[in-house]
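Please go over the structures that come below.
You will see two complexes here that share chain A, one where it goes with chain B and one where it goes with chain C.
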Partner chain A sequence: MRWGLLAAALVASPVAAGVVYSAAAATGLAGFDPRGFSTDRLSRVLGEPAVWESLAWTVRTASLATLLASALAVLVAMTFRRGRGVDRLARTLAVLPLPVPHLVAATTAVLLLAQSGLLSRLGFAAGWLAGPADMPPLVYDRGGLGLVLTLTWKELPFLALVATTLLATRGAALEETARGLGAGPWDTFRLVTWPLLWRGLLPSIVAVFAFAAGSYEAAAMLAPSDPLALPLLTLERYTDPDLARRGDAFVLVLVGLMLTGAAVGLHEWVRYRTTELPG
Partner chain B sequence: MSLAKASCGRSSTPQPRDLARAPWDSLASGARGTTVTWRMWRGDPSINAYVDRWVSPRVLQRYGINLNAVEGQGPEIVNQLQVEKEAGAGGTADLVWINGETFHQLRQADLLYGPWSGRLPHAAWVDSASPIISRDFEQDPAGYESPWGTVQFALIYDSARTPAPPRSYAELREWILAHPGRFTHDQAFAGITFLKQLMYALGGGVERFQGGFHEELYRTSSNRVWRWLEEVRPSLWRRGGSYPPGVAELHRLFANGEVDFTMSNNQNEVVTKVAQGIFPATARALLLGDGTIANAHFLGIPANAPNPAGAMVVADFLLSPEAQLEKARSTVWGDGTVLAVDRLPGPWARRFAELARDPRALSRDSLARYARPEVAPEYHERLARDWRSRIRRGGS
Partner chain C sequence: MSSVLRAGRTAGLLCLGLSALLPMLLLAIWSVGDSWFYPALWPSRLTAESWRALLSGEGRLWAAAVTSMLLAAGTGAMACIVALPVGRALARLDGWRRHLGAALTFLPVAAPPVALATGLQFSFLSLGLGGRPIGVLLAHAVPAVAYVSLYFTGVFAGFDARVEEEARSLGASAGQTFWFITLPLLRRPLAEGFALGFLISWSQMPLTLLIGGGAVRTLPIEVFAFVEAGQDRIAATGALVLLVPALVALAAARLAASRTEVAAV
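Entry: the complex of A and B
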């Protein structure tokens, strides 16, 4: 118990140090030009519409990617849960992208999806496109579709792995019991399989969202210049030519932290609300 | 001081105070057996090859110094040194590759060691009469950085795709309007340099911007830049709503035929990129008649460097005619020399003159004719910031 606590503290301490330093640098107590406590920087940065647009864009793309990946993961786990060869093959294919680094995934996405990418070239060869400009922009596009697709592809395997494991380890026995008690297929799904899946998946879904919202590499290679994704805006401020503005990055770090904190908080609330109900 | 702390573990390294007085030979022999960590931009394979495969082995063989080049450019260098200073920690870099705004910031925050560059034996051959070399964005290096190379901005186009390219900013404007979606610039250093030249062109020439930063002048001339950009915006790539993050991404768009121009802070980059097969063989460099910015890049030693003596020995070797000649070859890097070539001893002067010239490279004469100096770094900083808030935001 005591050692476990120590290990947990070791894991948490860099995060805690980062939060404390960011808070100090955001309020004029540390950083390039510490002038004593002041909330000027906080209110100036939080007063910028660009920051809120950046946050909204990041929330939207990260949510969309998380939602798509979760839906696909559930679909794969439900459809291919038996022991047939085709099921095993489908499950293997779904988790195949797991070891691919995000940077490689993003590079591949550029290669495939850019207006001069492989898809565009295929379209050109087939006579559907007359030139790069005819290809709908999926890289540096304002909607962030290329980024959403890449993050979905990259996060699907992790969620699919968790979902198939959930069904394989706990699902089968519980469903059998339900059927034994007279539940039909729909009731078994509604009362046993589905609650088991979403509750078991939720922590992983929150982790995927936090990662998607905070990841830098994929956004750097695929996201547009306006609105700027939150991680890109944070680094841009941290490397601003004007030294006085570099401290803005620490306010943005706190904004990003609030976002993931909110996601974790929401998860805790949902869990608290639903454990009271019969399941 | 953090400097003293950092040097504790290396008693053989002379202390900075002694360095200023020690004769060069004893300084160089004291640096034997040490390691020099060089924080530099590592984004170009040809530059990396020059440093890792040409410079490193020679420095080890001749001076017994292990040269370790690691990643880190302008803003990262400033942040790293600032964090080390704040933490009172020892330094991790002995040599840094810097210029312009980075030098300005490092000097402002008192993060550089010096003065030292005048001590280098090869400094005697530096072309100090050239305003491009003796000034760094109008700042006096004052011995806190040693010149390493010179470059000049150029646009890059494909002569097969664009047989009659525009030759001035006015012609470029017409070209962009006539070819919608085929031109853009990047958001980083090269792109902002492009905008700064546009500011010179629209604001009455570089001479008006010399002599420090003037708020009024900046405001009126930058407004002309924004108006120019707003006029061409609908005809820019992606209708001016998105811009490639850096010049590497712009190169990719150009190489893949998404746009018809890219740009570079180095007039010879087109030659090296063609040699690497990245650009088509018909790619050419282009100087706009309004003038293009030429600047020098420098080497500095951080105030908390663990091994300033070794850093000086390396910086001196990099200034040698041999190292400067190799670097100037367009097959190697194509970086301009900072030495006064005509003052070099006979054989060296001849070798520089004989440098095999690629037909794609721009002539020395036209480079010199169109070269414009850098102005105070504040112009660059403000253009970058205001472009982000006024032009980048609000595209369609």
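Entry: the complex of A and C
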């Protein structure tokens, strides 16, 4: 019994070490220029508007991508839920990009969405665009639409897999029971299918949000330089030629880890609520 | 009503097909497209130069692919060896302890790779592991061990330990039980755990960047550099190579799943 928690602590220990070290470096006890304990750096970095803009931009982009991917996953799972034929093919296609690395997705997105990319060329060929400058900027744009689309594409397969599995393993029997008890199609969906889907999907949605918010490669290739996404801002400070500014990265590491910690905490709390408590 | 529904289904199927296959097709064209300038929809010349360079072992892609392959195989093996006992111990927990254990194990999976890398870099440097493949391997193992542990927790939740008890009661030693009973029963989960660890290392970038310090050139590092340099053809070639293990793993998983279905029928 005790071994289990010890083993889990061992697996988590590199993160714990990273948190402890970052906290020490953020307060002047370690890092590039340790000068004794002080909260100056913490208050200075957390007082920068750029840091909060970066956090807000990252949360917004990751939330938007997660929301879009979740909605599409539910749509795919509901539309193609029969056992054979077209439905099976559609589900296979939806899950196919699952193991594609973020970097490959981002590379393709650049080639496709950039202002001289294939989409822009198609627009030119069709006579809608007069040149690359006419193409709405999707790469490096402030709105981050290119990044949102790429992250959505990257997250959809996982969420679609979870949603289709939920419907296949638990949905059918529960729905049949509801219909047997006299529920119409709408009530069956409202009272059985929908709660099953969102409850079952929520842990995966939270996990996917954490991945999207922390993803470095896709942001580095597609995100704007102002505001900088949180992972990019962290690395920019960490490699700053000015040693004093380098230490700022540790405060940003703590901010990023707190965002993840909040997501994981929520994740386990939801799981606890949905599996351990009755009703 | 049903014709609208059918049209919607057809459109959905088409979209899914495009979304799954178009990126690969585009990368394939890009990897052989020569002097392909705006607004041309098709490259003016085709060349297999980047593929020839890759296969003849010249250029940076081949060396990077070998480095990535070795690191990924090492990470996969290490993840399995560590995660097997961890997953087993985690599966024995119950109630709030199970959720606390899962949350702790989930941390390295969910932690932003950049945060993980910056947090680890100082200790790795002071241990003399920075800029060396062994350091990068250990860094890749951090999220990989966590992922595979979570996977093995699921496996052991449905594992019947009575087979082992029976072997022990018939006089087998602990070692014999492990080698002749447990290990053969876990052949498929171990293969899947290895593939999972392999893929995590294979597609990893921030940890390689910071712990490797630019000295360990893996395939993602090189592809990223080629995209940044505007070398689309070589970048696309590298991106396609990055896809190969992912597709092999997916195909193997589908094959194994369809075999199980056949066996179940």
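Assume the second predicted complex is superposed on the first by the 258 of 279 C-alpha atoms of A that agree within 3 Å, B and C clash if a C-alpha of one lies under 4 Å from a C-alpha of the other, contacts with A are read in each partner's own complex, and residues count from 1 in each chain.
Assume a residue touches a chain if its C-beta (ideal position, glycine included) is under 8 Å from a C-beta of that chain, and two chains touch if they have at least 3 such contacts.
Quantities reported herein were computed from a predicted structural model and do not represent experimental measurements.
Q: Overlaying on chain A: chain B and chain C, fit or clash?
A: In the superposition, chain B runs into chain C.
Q: Could you tell me if A:P137 is touching chain B, chain C, both of them or neither one (first, second, both, neither)?
A: first
Q: Per the contact definition in the header, classify A:A30: touching chain B only (first), chain C only (second), both, or neither.
A: Both: A:A30 reaches chain B and chain C.
Q: Would you sort A:D240 into first (chain B), second (chain C), both or neither based on which partner it touches?
A: A:D240 contacts chain B only, not chain C.
Q: If you stack the two complexes on chain A, which partner ends up touching A:S116: first (chain B), second (chain C), both, or neither?
A: A:S116: touches chain B and chain C.
Q: Tell me which partner A:A17 touches in the superposition: chain B (first), chain C (second), both or neither.
A: second
Q: Using the superposition described at the top, determine whether chain B or chain C touches more residues of chain A.
A: C
Q: Now for A:W153: first (chain B), second (chain C), both, or neither, which partner does it touch?
A: Only chain C is touched by A:W153; chain B is not.
Q: If you stack the two complexes on chain A, which partner ends up touching A:A220: first (chain B), second (chain C), both, or neither?
A: Once the two structures are laid over each other on A, A:A220 reaches both partners.
Q: Kindly classify A:S63 by the partners it touches after superposition: chain B alone (first), chain C alone (second), both, or neither?
A: neither
Q: Check each of 7-15, 25-33, 61-69 or 79-87 in chain B against chain C and return the one that clashes.
A: Only one listed stretch clashes with chain C, namely 79-87.
Q: Which positions of chain A sit in both the chain B and the chain C interface?
A: Overlap of chain B and chain C footprints on chain A: residues 30-31, 116, 131-132, 220, 238.
Q: Over in the complex, which chain A residues touch chain B? Could you list them?
A: Residues 30-32, 50, 114-116, 131-133, 137, 140-142, 220, 224-227, 236, 238-243, 245-246.
Q: Would you tell me which residues of chain A are touching chain C in their complex?
A: 1, 3-12, 14-15, 17-19, 21-22, 25, 30-31, 75-76, 79-80, 86, 89-90, 92-94, 96-108, 110-112, 116, 118, 120-122, 124-125, 131-132, 153, 156, 207, 210-211, 213-214, 216-217, 220-221, 230-231, 234-235, 238, 249-250, 253, 256-257, 259-261, 263-265, 267-268, 271-272, 276
Q: Under the definition above, what is the set of chain C residues touching chain A in their complex?
A: 8-9, 12-13, 16-17, 19-21, 23, 26-27, 30, 38-41, 85-86, 89-93, 95-116, 118-120, 122-123, 142, 145-146, 149, 199, 202-203, 205-206, 210, 220, 223-224, 227, 232, 235-236, 239, 242-243, 246-247, 249-250, 254
Q: For the complex, which residues does chain B have touching chain A?
A: Answer in residue numbers: 74-76, 78-79, 82, 86, 101, 105, 108-109, 181, 187, 238, 241-245, 253, 256-258, 377, 380-381, 384-385, 388-389, 392-395.
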